[in-house]
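In what follows, chain A forms one complex with chain B and a second complex with chain C.
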Partner chain A sequence: MKVSNRFIILLLLPASALYLTFFLVPTIQALVYSLYDWSGFGEAPRFIGMRNFQELMSDRLFWTSMGNTIAILIIGGIVIFGIAFVMTMMLSSGIRGKKFFRGVIFLPNIIAVIALTTLWGYMYTPRTGLFAAVFDALGLTELARFPWMGPDTIAAAMMIAIIWIEVGFYVVLLLAGVDKIPPDFYESAKLDGATDFQQFRHITVPLLSDVIAIGMVLWSIHAVKIFEFPFAFTGLEPNPNSYTVAVYLYILGFGQRQPIYRLGYATAVGVMLLLVVILIVLVLRRVTRREVYQY
Partner chain B sequence: MKKSVMIGLILSLVLLLSFSIVNAQDPVTLVYWSMWNETEGQARVIQDAIANFEAANPHINIEAVWNGRQNQTLVRTALSGGAQVIDLMDQDADQIAGGLMKEGFALPLNDYLQEPALDHEEPLADVFLPNTLNMFAVDGNIYQIPYIYNTVQFWYDKRVFEEVGIEVPQTWDDLLAACDALNAEGYAPIAAEGNEPGYAAFYLTELLARIKGPGWLRQAAADPTGEMWRDPAVLDAAQKTRQLWDNGCVPPETVGYVWPQGQNTLAFGTAAMELVGSWLPVELQNATDPDFQWGGFSFPAIEGGEGSVTDVNALLLSFMINKDTAHPDEAFDFLRYIMSDEIQQKFTDESLVGVTNLYIEWNPIIADASAAASAATSTYGDVDHVASLYSEYLNTVLYPNYVSLWQGSVTPDEYVEMMATQTAEYWAEHPQE
Partner chain C sequence: MAERSLKLEQAAAQSKERRKSRLQLKHVPSYLFLGAWSLFTILALSWVVLASLKTNREVFREPFSFPADPQFVNYERVWLNSQVGQSFLNSLVIVGLSVIVIIAVSAPASYILSRARFKGRGLLTMVFIAGIGIPYPLLFIPLFALLAGIKLINTIPGLILVYVSLSVPFTVYILTGFFSSLPSELEDAAVIDGATDFQVFRKVMLPLASPGLLTASIFNFIGLWNEFQLALIFIQDPGLRPLSLSLYTLKNSMTYSGDWAGLFAGVVIVVVPTIILFVILSERMISGMTLGSVK
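Here is the complex of A and B:
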């Protein structure tokens, strides 16, 4: 049955209209507002050209928050994919209870972020937290009092928690790809004497390249705009030295405790974030571009 | 007979007419957006107040929306949409002053405040505790009705002080001596949220208020040259900040505490005191043992300082009426009722908070806060009003640098240099109008 182009366009119309209204138009509006000095309320926006972007270039907190965000993106990404690959190897090695372990590893993804931040906050609390109790029991009193959420280690503490939460998603993603690889490939490799690692290196990784690419893009977008966990993890009023870009944007535009309300400037931060995401996606697409295997 | 029928008819007509006049009052709906969550103690008191007010004024209906602490941001968003009517809202007084009030959305209340209070013959303006109603007045205009009063003081368990044998510190040296005594008995002297800028900044605010007097910090924040930060008082305040850590007043692990981890150490009996608002006893009421004996004392005096221990850091919560409300009289009538002895007493009795009505005896658990509020010779807002006047400066310059000093990442000398330089840079980038 041949479907006419007109009919296809008709079917695409509602979704396209929604996409235009709720995504493209606000995105374009954001680009426009980033050129204005505007509180988001009251007085009319005042056109100031590129001044918001000029200010960003010398804004210490913006660069601090960008540094924190990039650290989460790169360090977090390397560790998450490293752990996810190891777990994928283990779970796809014919282990019993694969579905159970997969479910357990994925579990943090379905728990509310606030509950997770409370949990990790409790674990890290010196003297009375979970880690402190374990270290006390082991006689390591100095470690029991260690301030995990202090200025030198809060980024690492937050990163560990984020990795714990996120790994499950990427394990499930990679496992779904592995499950599609025909078992014959592995059987042939075994007959040829390939080790587990060699099978992983020469069969799993190449055949998963498109899944890995998608996973990396998803992680990059998520990491660059990460907000909920850092915002809730770092207390009532997050320490500015531990802001991520998204947290800084929110505080500038919408206020946490203090009424800053610089929506125009916050929008410029958002535009920078968008540019960073586009840049990362372009780089990743180029880096991960390779022959697509048909199987 | 005819005459009596006529009189009866006339009387009936008069009655009917007066009844219809009473009912001629058009129904009024007031929309109130609240900073409280629906189940909080303060919200319950307001819910009771609404019910009572509606019963006494059958033509008025109050629709409450319980938004929680992000209330002002939600109100702004709703009002900017244009379709939403909001007559009344409440929030921290500093936040209203720096937000909706600054943006011109608050109704001036001076004339209303000259009307009599509900329970007293004097004008409503006169039933407020001293230095509260005028705290955020602009050019003599009052835009807020402060109804809850929090004082910033050291909060402690009296039993611990008695056990260790120490008196309430009156001076900075007394405080350091108290730390030594508490340390000797195995207590962590001061609990603190080490990684919370707002809590850390209580120390900077109080130190500079005692050394230079209230108002100096806000002038330093607004100094376009940044040179005021090179005043020896700043170095003194910075050195005293570090002294707290170096002398063992604040245990080193505190550097990693975020709310409520620090205050929990006070509730668990491992720490002895905390510099914080008088909301602390409420927040810890389920964590402290039933015999916990709350006491509060003002930040000690600094030798040679220009400030006084009766200068009070007052963190008020206020109502504001939207200047565009169609029902300003009814909205103010409701606020008059909020300020009545009955409702104010209920706030302090049931939700353990301080109130602004001077006739009300505060809950005994915060009696020391009440004493400080009554004796206040001057009051200042959050971070000596920097929070309401220069909120972006606070978040981007003052907080990050003071937290770095507080946590020991920079020395007092480095702190002074950073503040002087960055304040000048900030004002060069953001010229004051």
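Here is the complex of A and C:
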């Protein structure tokens, strides 16, 4: 539609001004601050070039948190999409209660993460926790004593909870994609004697490819900045074994009980996060760029 | 052609019959898997509600019983003593105002980006939507410095400003998808009848878009109600905390007080508003969620 320039500017202005001032400008500033040594909001930043990034390369905690973030991203992503795919197929196979199951599976997505960490924290508590009580009741005393929150297993324990939370979102997304596929595609395939697996392989997967691609981009963007669950999972001081990059950044910049206030260095960690997102999006676009099926 | 469609109909009828007869066997694994998953979710959440009505002794001694004498006093205790009541009101104000402003700035911008023809429209839309991909931990430090500069740290308007600005990309993404899907006939008719640009927007398109505006409002409401990371950074005064941040504080103090029942009461208070919204509006939410991504 043709409208006057004045009108265009008037309607775009409020959103643009806010977005520019409090989102885009801080993003650019972050790129600049990452080149500075800056030890507190009252202090003057000092330019040090790439030294923050050099230090990051040999920072053990940074790599631990990056490892956890990448594990959530890739291992968590594979499991989440695997389960979501299976559930989508099950939900679209003509069972009863499709909407009910979809709703319940999606439910954790609308609950405050801090509430869910409280729940899972209690479930995992050794001896007195909910899992322990269940295993005790079943006579599985060995499992009841299992230290879910111990240093070796805490990352895995966290992953299980995150998978439980996230799966529903991708089920809803994939299911909406499947529901859009015209049913006569399957009917004619059946007429031609295609098996269930062939239908899945040659109709469902290709026609879902763009939904899958969008789902993977959304998951990647979400996964790299996961903060709340690992931060609140282990009480007052987050356990360094379950740090994600976002948690480490927060600790560096705003600290816990003993503030560290390494603002330039923390911002450099944020820049690494941005680089990871850009890298993933580029790779995914490469991998998923196929012909788009119009139907 | 007619023959083929007849065959298709027959096949459809046949497969329907066959589906009916195979209902039990073929779907058993689906019911088992989806049922087990859903049961876990429902039981876990119901358990929290029951635990919130028990004494602390009961929570540990008899984890699977019903509360002998429902302890509504748990709710009274956290609502009054732990500032959960104050936070509840804070959250209503912060989240309510944020959602109103988000929609008020994003709807006009989205309308222009999806309906007006002007140079650079595609690029501008991309710039807006790119914000979804910027991991916002990157912005913590620049935003903190910026807000400190205008004396808005530790204030409710400051937090609202951050919430609004960071929600613009996602909201514009949803709403441009919605505005583009509207038919253009009414718009054209209004122009022919001599309506001004603003009248077309305000009197014709905005009412047509109201389902989309509602969907975007629900998403933002639930997202911000549950938000905790930004509140943690920008609010220090206990009297200004939103609810999710109060729950985090409660969870930490529980480490010393051991008051699990009270903590679970806090969890229920945080969770109930979003669950009510979800139960009433889940269909709209689920169809709205896939608005932009599944076309």
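Operating definition for what follows: the second predicted complex is superposed on the first by the 275 of 295 C-alpha atoms of A that agree within 3 Å, B and C clash if a C-alpha of one lies under 4 Å from a C-alpha of the other, contacts with A are read in each partner's own complex, and residues count from 1 in each chain.
Just so it is clear, a residue touches a chain if its C-beta (ideal position, glycine included) is under 8 Å from a C-beta of that chain, and two chains touch if they have at least 3 such contacts.
Being a predicted model, the structure only gives us computed values, none of them experimental.
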When chain B and chain C are modelled together on chain A, clash or fit: clash
Touched partner set for A:Ile154, first chain B, second chain C, both or neither: first
Which of chain B and chain C A:Val224 touches, first, second, both or neither: second
More chain A residues in contact [chain B versus chain C]: C
Which of chain B and chain C A:Leu236 touches, first, second, both or neither: both
First, second, both or neither for A:Met57, with chain B first and chain C second: neither
First (chain B), second (chain C), both or neither touched by A:Thr128: both
Touched partner set for A:Ala44, first chain B, second chain C, both or neither: neither
Touched partner set for A:Phe146, first chain B, second chain C, both or neither: first
Which of chain B and chain C A:Leu249 touches, first, second, both or neither: second
Colliding region between chain C and chain B, picked from 23-31, 41-49, 77-85 or 311-319 after the shared-chain fit: 77-85
Footprint overlap on chain A, comparing chain B with chain C: 41, 121, 128, 235-236, 254
For the chain A and chain B complex, residues of the former touching the latter: 39-43, 55, 58-61, 64, 121, 124-128, 145-151, 153-154, 233-237, 239-241, 251-252, 254-255, 257-262
Residues on chain B engaged by chain A in the complex (per definition of touch): 72-73, 76-77, 79-80, 92, 95, 98-99, 102-105, 193-199, 251-259, 261, 264-265, 268, 270, 387-388, 391-392, 394-396, 399-400, 403-404, 407, 409, 422, 425, 429
Interface residues, chain C side, partner chain A - complex: 7-8, 11-12, 15, 19, 26-27, 29-31, 33-35, 37-38, 40-42, 44-45, 47-48, 60, 63-64, 104-106, 108-109, 111-113, 115-118, 124, 127-128, 131-146, 148, 161-162, 164-166, 168-169, 172, 184, 187, 191, 197-198, 200-201, 222, 225-226, 228-229, 232-233, 244, 247-248, 251-252, 255, 260, 263-264, 267, 270-271, 274-275, 277-278, 282-283, 285-287, 289-290, 293-294
List of chain A residues in touch with chain C within their complex: 1-5, 7-8, 10-12, 14-16, 18-19, 21-27, 29-30, 33, 41, 86-87, 90-91, 93-95, 99-108, 110-115, 117-119, 121-123, 128, 130, 133, 137, 164, 169, 172-173, 176-177, 180, 184, 187-188, 190-191, 211, 214-215, 218, 221, 224-225, 227-228, 231-232, 235-236, 245-246, 249-250, 253-254, 263, 266-267, 270-271, 273-274, 277-278, 281
